[in-house]
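Dropping the structures in below, format is structure tokens.
Both complexes shown next keep chain A, but they swap its partner, so chain B is in the first and chain C is in the second.
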Partner chain A sequence: VQKIQSLTTNIGVVYSGMGPDSRVLVRKSRKQAQQYYGLYKEPIPVTQLVRETAAVMQEFTQSGGVRPFGVSLLVAGYDDNGPQLYQVDPSGSYFSWKASAMGKNVSNAKTFLEKRYTDDMELDDAVHTAILTLKEGFEGQISSKNIEIGIIGTDKIFRVLTPAEVDDYLAEVE
Partner chain B sequence: MSFVQYNGSALVAMTGKNCFAVASNRHLGVQHQTVATDFQRVFKIHEKLYIGLAGSASDVQTLHELLDNRHKFYQLQQERDMKPEAFANIVSQILYKKKSAPYVCQPVIAGLGDDDKPFICTMDSFGAKKLAKDFVVAGTASKSLYGACEAMYKSDMEPDELLETVSQALQASVGRDCLSGWSGLVFLVTPTEVRETILNFGAGGGPAAPVALAASGGAAAKKKKEEA
Partner chain C sequence: MSKSAIEVPPKSGFSFDLCRRNDMILNKSGVKPPTYRKTGTTIVGLIFEDGVILGADTRATEGPIVADKNCEKIHYMAPNIYCCGAGTAADTEAVTDMVSSQLQLHRYATGRESRVVTALTLLKSHLFRYQGHVSAALVLGGVDITGPHLHTIYPHGSTDTLPYATMGSGSLAAMAMFESKYKEGLTRDEGIKLVCDAICAGIFNDLGSGSNVDVCVITKGKKDYLRNHMLPNPRTYVSAKGFAFTKGQTEVLSTKITPLMQKLEVAEDAMEE
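Here is the complex of A and B:
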């Protein structure tokens, strides 16, 4: 059971908040992505999928008998417009980010990212920075057993790193 | 007479070197009677995508408006033009949705895709796509068109040669089809320009009134348009 999940082959998502709520959204988003493909025979652009997911979340803030989703999502993908990162909130508003954080210790993490992030980072540097950011507010010992890392490169394939790969990156950090 | 033949049409799309041409006849009939000689069957979806529609004229017009609308919506949502392959797929989906009461229409889609590679396809009224690298045909004159295109087509033609070939193929074919003819309309599309040409079929491919047509300046009227 993973926290980071893929929505399409080239778009992945992670959440902060209530796990069960995120599962509903993941399921809906995957369906929407497939419907798009069925209609156009081309992979859904990241912005489109984010927009549709956000629309679902907004719906639940205005319909009767339901409550808003208790999650914020970070959607990462690679399409014709290059790599993209979006944050989607329970209200249904979404933001495009170059680097972002959410959940516990978010303010410290964002400050850390502002200092550390550069436009011309390589993927490895980005993973390294992400681990450092995570470590800032981490309780206990960070290891491949208690963190997950998802990446997407120029190959446009989203995947979650194996524990062995995570260990390699962690070794660099130490 | 079935609705497929009710109005009469001839459509052809051909690929060339980084360009394509899509041509149609301009005759509109009601069974044996000619009702119009300037009926438009080929429509622009965007600068690099055209669709020709053969079959029932009312369905031609309805589908054109529907697809035009659909593409405008896509443009607003996605801030880009539809790729020809995506457009072909959506036309197919729209047609199949109405399988129980179909549009009596056979589309011919032609466009320039990624890297300006020409894309053409046709489909039946249910949306079954027929992709081709060289040419696609539709309409009451399709059988003749197949023959003419097969004989005249060469791969990687330059725009001028392609225009000539498409025009000759269309003219030869409608000459043998009593339900289509009365001058042709060709769109020749390259990455930088669109050439719209009206073909005067005269004695060969149209009714015997060449004098009247020539006098009204009906010989190939060329309109060059620079791509924005």
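Here is the complex of A and C:
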């Protein structure tokens, strides 16, 4: 069972928080993306999908008998406006980031990223940076069995790396 | 988008409230309804040794007029499943797009390649719900984990599973070709040739079919969409250089010149500062 899921061929999402809540959101987002395509015959732009997902999350903070979603999402996609990264909070607010982190070790991870991030990184460098950021707060031995990496390159196809590929990157980092 | 927290599924199927009034208009008052664009069509499919080959002609008709000389009748359903459509063009487009969307969602949910029977069941239940009013006759073919499959789906929702199939107004001409030449274990080239022969039989012998041949070959893990694989009806265009007519070839009978605007002389007054 994966934490990183794809919403469309060129948009992927990862969550921090309650898994079951994220499942509901992922399902809804996928359906919204298909509906958008059915209506406009255009693959949904990343901003639109983020907006619609955020609207759903906001709905649950203002309706009766329901509780807010217990997840924060990181949505990554590549469309006509280039590569984009968004964070969506349980309140329904969303932010665009160049690099971000969420979860237990968020403050350390963000400071690490602030130091390490540059605009003109190659994909491989970016993966290395991500692994090092994860390693910062990692308890125990980091391996392909306990992390997941999802990438989207200029080919505009979001995919989760296989454990073998993750092992290769880990070996390079060591 | 639903505004309530709980989503009620929308009412499906047609509401037949206006049937009586339509009946009165059509049959009693003599008003003719507008014709809609049908695809006339010859569509075929056959199973060969490595998978499935689908074929279609490219003519779309609106009554006796050819509306589109090169339309696409082989629709994408999934990376490993394609569907040919005969009947009303709008219906086949809409129904295949809708089921393709549903298959995509299903793929995300299961993480697996789509199966041909899934597409089949989604299509047939939709068509049955609309009681034949969605005029789409389809030939569905694909290769999935269980092997190659070929099905025909009729507008009322019934299906057949066959090793070779034809649909559309040119189906009899195409089926005649298949019945005489089909055998099990055809190779890829033999299969493509047989499909082309069948479609050509439809193109040349049926008025509702014509123009070019589209072929789609689906095998395990690979598909080849050969758009306009054969062009047996090329257009002979008027020469690009144009025609050279020498002056004096056309006899001038009379000449009359009408000025469109009166030419006015404007006297400029000197402006005083």
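In the analysis below, the second predicted complex is superposed on the first by the 174 of 174 C-alpha atoms of A that agree within 3 Å, B and C clash if a C-alpha of one lies under 4 Å from a C-alpha of the other, contacts with A are read in each partner's own complex, and residues count from 1 in each chain.
Operating definition for what follows: a contact is a pair of C-beta atoms (placed from the backbone, for glycine too) under 8 Å apart; a residue touches a chain by one contact, two chains touch by 3 or more.
Since the structure is predicted, the reported quantities are computational estimates derived from the model, not experimental observations.
When the two complexes are superposed, the chain touching more residues of chain A, out of chain B and chain C, is C. Touch criterion met: A:Q48 reaches chain B, while chain C stays clear of it. Looking at the shared chain after the overlay, A:Y40 reaches chain B, while chain C stays out of its contact range. Common to the chain B and chain C interfaces on chain A are residues 38. The residues of chain A lying in touch with chain B in their complex are 38-42, 45, 47-48.
Taken together, the chain A residues at the contact with chain C in this complex read 5-7, 27, 30-31, 34, 37-38, 52, 55, 59-60, 63-66.
Interface of chain B with chain A (complex): residues 77-78, 82-83, 85-86, 89-90, 93. For chain C in complex with chain A, the touching residues are 1, 3-5, 97-98, 101-102, 104-105, 108-109.
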